[in-house]
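Listed after this line are the structures, all set down as structure tokens.
Both of the next two complexes hold chain A, though its partner changes from chain B to chain C.
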Partner chain A sequence: MIETLLQTLLNGAASGGVYALVALGYTLVFSVLGVINFAQGALFSVGGYLTFLLMGGTIGVNGALPGWGLPSGLPFALALLLAAGGSGLVGLLVERVAFAPLRRRNAEPLLALITSLGAGVVLVNLLQLLMGAEGYAFPPSANALAGLPDVLVIGGARIRTIQLLLLLISAAAVVVLSLWLERSRGGRALRAVAEDATTAQLLGIPSSAMVRLAFFLSGALAGLGGGLIGVSVSLPGPYFGIGYGLKGLAVLVLGGLGSVPGAIAGGLLMGLAEALVPGEASGWRDALAFAILFAVLLLRPSGLLGRRTVDKV
Partner chain B sequence: MIDNALLVQMLIGALLGLSVYLPLAAGQLSLATPAFYAVGGTLAALLSTRWSALGATPAGTLPLGSFVLELLLGGLLAGLLALLVGRLVLRLQGIYLAIATIALVEIVRVAILNLPFTGGAVGIFAIPQPFSTAAGYLLPALALLTLAGWVCQRLKGIPLGRAMAAIRDDELAARCMGIDTTGAKLTAFVLSAVLAGSTGALAAHFLNTWNARQGSFDASVTTLAFVVLGGSRSWLGPVVGGLLLTALPELLRPLGDGRLVLFGLVILLGPVLAPQGLITPALLQRLGRWGERDQPPASESQP
Partner chain C sequence: MTTTSPPSKAVRQDRLFSAGLIEQRQRGALRLAALLAAGIGALAWLGRSTDPAAKPLTGGPLTLGAAIAFTGNANLYGQDQRQGLAVAERWAQQSARGGRPVHLQLEDGASDEPSAITAFNLLIRQGVIALIGPTLSQQAFAADPIAQRQGVPVVAPSNTAKGIPEIGHFISRVSAQSSVIAPLSLEEALRRDPSIKRVAVFYAQDDAYSTAEVAIFQKTLATLGLPPVTVQRTQLADNDFQTPITSALQLKPQLVVLSVQAVAGGNLIRQLRELGYRGQIVVGNGLNTPNIYPICQRWCDGILIAQAYSPELNTPINRRFQELFRQAHGDRPPPQITAQAFTAYQVLFEAIQRLERKGGLTGVSLGQARAKLMDELLGGTYDTPLGPIGFSPEGEVLQDRFYVAEVRMDPDGRDGRFALVRELKLTESQGQENRR
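So, the complex of A and B:
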């Protein structure tokens, strides 16, 4: 009994960690620009597929280049890191195409929502053109993580090693990012731009470079999440990131828009809540995140850890 | 290349575009249209396949009166849901409202997928047909669009429409002027839902099958794109956007899988290249002037 609970909690924490990654990605961009990058879910997919290819996976029969693959796969850690970097670069591209032109002309923020959605549609369908709509399972080498066994037994609970790794990696990413934002020069500059872009610019902080940095990091976080989920579950098709992107949105609101601790706490809470849904009701699990989101929006629109804002006349 | 079936689909697109436009005319970005569309469609699919009093025959035909009744009921149910949900969500503003309505769409989708009587992932199929050909649906779709367009046009002249415009410009100022902003926003939201619900009921019969995928986040994106591409300053914008963007993927079908990439590019580049959409106030003014050429030119001197 207690073992099953421990197992459930760990599984919940693992997916919660991934939600937190996605939500943090939204948070970075939102705190700097005050807009939401709706291409985040597509970047999640990009990360998953990049990790797959970098680890030596080959393109399936419905793809553009059937049977094509890297001559030899990279080890998991390196592939994941490179895939995150690659997704970050794609995130930069999204900024360049979907956000920068609108920002230059001070267009209304609603338009950035649309263009980023459009960027997401383009990315996902490009993936589909390249890789086909079929699902991909990772090469077996992905599970032989540095010789670790597939399943670990901790205190009687049987836990998939990859789940534990997923939790550790996302926790590490979250901690490093928070420390960087809090302590480092670059992080402080980013927060200054988030606080007031004009003043930051006057103080000599290159605002547009910071915006690009936020987009890169945000894309990298999404890509990291996509790679982790891909290795742990598989890639069911190019659209799989969209669902995570939407749940990340729910987490974002749950924690409070623009709040870093909020995104982390919200992610964990969401993962645990989903893990506690009994198996018979698993079909409803996908609605849980949004039901919670709904409740939070109505009871406390500024989120659990967000700041209240007051309209000024 | 454009056959009757595609024409009906285009009209459905235009109707959904108007449904997104209505709350937006009151400054409220709601992405909930697919949820109400799904509710209306599911109701129509359930009623016509389960309720024998509607007179569906084993051959799969349906009396016209029952079809009209379903359009009304679909709109009514969606409207009631909007009345219930709207009171809560319309307290939210801007991006929060957009996210809350996305949540609504997802909750409705998962509910339709999991409820014991809606057919699960397969959905409800063999929905009886009031018309024997796709051309038959043209008339009711066109009638619905005319009605919706007339309502939108009328809105410009009545207090409700002016209240909506005032909220769009500045909600706080509108409230200070004594405008019942909550009531106006709620009315716009409910009107939008009624339209989407009726459209869903029509689409369920037209498509012959209905499942949870009809009202998904993807649909939120495409319906919003109708309004953005067409322009949101006049009700003609969403209609034009809905017609064009629904036709586009079909017309691009020869391109195969690449057509969705192109569709995404339209959504991505449209707001950058034409921020006000295709139907801009300036264009309407020019068209209006062209229509009134006989009359003396207006003496307004706007830059």
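So, the complex of A and C:
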């Protein structure tokens, strides 16, 4: 009984950690601009492929440059960090292409949903063009887990070592980001822009630079998630990030739009809810997870930890 | 007696204005009616003149349309199919000099039903004589009725779910139904280990192919006296199977049966092995592609799969197919899905050439040519890379040679091959029984 409960908790925490990471990316952009970046799922895919290439992976036969790869692969940790940085830069590009022109024209925020969705579709298709649609698994020799057992048994419950690592790295990323937002000068400036961009500008905070920073960090988080998931379940194709992006979106709403602690709580709750579904009915776990989302929103329309907004007239 | 005073000037002017207005309105209504009638007439004329099925065929090349997945998750299969069709085109150019030229028009059927419908509609409007595709059974149930209604022959290269040819007279397939091949790999697993008593089954509940195939697996298991200890339902887009696998492993299965698509299957195998499962794994047709190797790597080793094609079949057409495939794709054996796509093109090409020899198609309308082609297709027998095949009157492939293969991975776990374990020749009655 305790073994089953522990297994459920481990299963829930493992998937919940990734959901939280994806939702945090959405949260950063939403808190600053009040819009959702639908290209987040595509950035997740970009991170996965970048990590793969940096670790010495080669492009498959259906890619644009079959057999191409770096002369030598980087260690997993370095590849992951560089890939997160690369995804952050792609996130910046998405901001320049899909968001900045609309902001300059004071366009309806709703339009940014469509342009970011378009940017995401273009990114995924570019990935497909470059890498082909085949699945890729990370080179075993470059695997950070070489030498470690495939599975760890904790109190009778089993968890794949890579999933535990994924959970720990996700948690570390969340903690570092939260501390940076709370304590650092840059983090406080970002929060000030999120609170009121005009006032922040008057106080000498460069709002535009902060918006770009939010997009970079958001892309980097997505890239980090993509790289970690890629190592855990391989890269099943350029579309794999889209599914995680959608789940992250649900977590964002569940936790409360724009709330960092909400994104973490929402991710873990979503992961646990899915893990609680009995094995034989596991096909219905998305339905259960979204039923919970529905129930929470009925009781708390602003999400678990979101702030209620008051319209001023 | 009453007298009426003559209307005032203002009233008279008003009446005149009203009469003029009515006349103007009547003229306007007449003009509008004439315009509408002309418009409807023009549309009818345009519709009649642009319906490609009504046009007589000329002596030029005929066009075959192929709607296969270039995008979306099914692109893993679409890539294999594209290679098969390209090889078939080269084979046709070399082997049928002097015959009716055939041109192949490719469209992206993607991995969802609306895209397959759009691709079918587009190709039909472009005047193709027959269609190859779509890639997934799920798509076929949505797109095939479109072709059936318009009388366009369809040859499915990879739809294995039950009920595909039953969609209508114009729908056929060269991919053997799951019920014919799926039981063979289970029998091999039990032959290797007769002590198996506990079987766990995994399948994608939102996929027509998986739900059809898992029903066959379960029926076979019931026949063998092995009801599954657990049936885990997953979804097409799932990649992380920690929860269903740990649930299943608590029941200590001795055999795991998977009926999922390639990507999910590769991940499931890897995660099953990583989480400690060491028993036999039997997989369904969705994993009949070498594209699983990069996903499950060394963990793929030893999985059992029933196949409708073996590169080891030693016939002239299979040797020629492999030679052409290797010229284009290097020294690796072609997978089943590539062979089936080749076969779909081959049977249509051969049926067209036979029709030409019987008197030709020039002069008949495209619609009539399509109907004639369907009859010719179903009536013929074909020597293909899959072995000798024919069609039932409903369009179901009649194939008697099947294979059980075991995946053997290279020591570095990067590449592998489907190694032939057993070749089986089904009798006609066995085939009929399995198709039920």
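Everything below uses one rule, namely that the second predicted complex is superposed on the first by the 302 of 313 C-alpha atoms of A that agree within 3 Å, B and C clash if a C-alpha of one lies under 4 Å from a C-alpha of the other, contacts with A are read in each partner's own complex, and residues count from 1 in each chain.
In the analysis below, contacts are C-beta pairs under 8 Å (C-beta built on N, C-alpha and C of every residue); 3 or more make two chains touch, one makes a residue touch a chain.
Since the model is a prediction, treat every value here as computed from it, not as a measurement.
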Chain C versus chain B on the shared chain A, clash or fit after superposition: clash
Touched partner set for A:Gln163, first chain B, second chain C, both or neither: second
Which superposed partner A:Phe290 touches (first chain B, second chain C, both, neither): first
First, second, both or neither for A:Gln128, with chain B first and chain C second: both
Touching partner for A:Ser259 - first (chain B), second (chain C), both, neither: neither
Partner chain in contact with A:Thr51 - chain B first, chain C second, else both or neither: neither
First (chain B), second (chain C), both or neither touched by A:Gly237: second
Which of chain B and chain C A:Tyr136 touches, first, second, both or neither: second
Partner chain(s) touched by A:Ser207 [first = chain B, second = chain C, both, neither]: neither
Touching partner for A:Asn37 - first (chain B), second (chain C), both, neither: neither
Intersection of the chain A residues that touch chain B with those that touch chain C: 125, 128, 283-284, 286
Complex contacts: residues of chain C adjacent to chain A: 71-73, 75-76, 78-79, 204-206, 230-235, 237, 239-240, 242-244, 246-250, 262-264, 266-267, 270-271, 273-276, 291-292, 294-298, 329, 412-413
Residue ranges of chain B in contact with chain A within the complex: 29, 88-89, 91-92, 94-96, 98-100, 102-104, 106-107, 110-111, 113-114, 172, 176, 217, 221, 224-225, 228, 257-258, 260-261, 263-272, 275
Chain A - residues contacting chain B, complex: 35-36, 97-98, 101-102, 105, 107, 109-111, 113-115, 117-126, 128-129, 242, 246, 249-250, 253, 257, 283-284, 286-287, 290-291, 293-294, 297-298, 301, 311, 313
Contact footprint of chain C on chain A as seen in their complex: 4, 7-8, 11, 14-15, 60-62, 125, 128, 132-137, 140, 150-151, 157-160, 162-163, 229, 232-234, 236-237, 239-240, 243, 274-275, 277-286
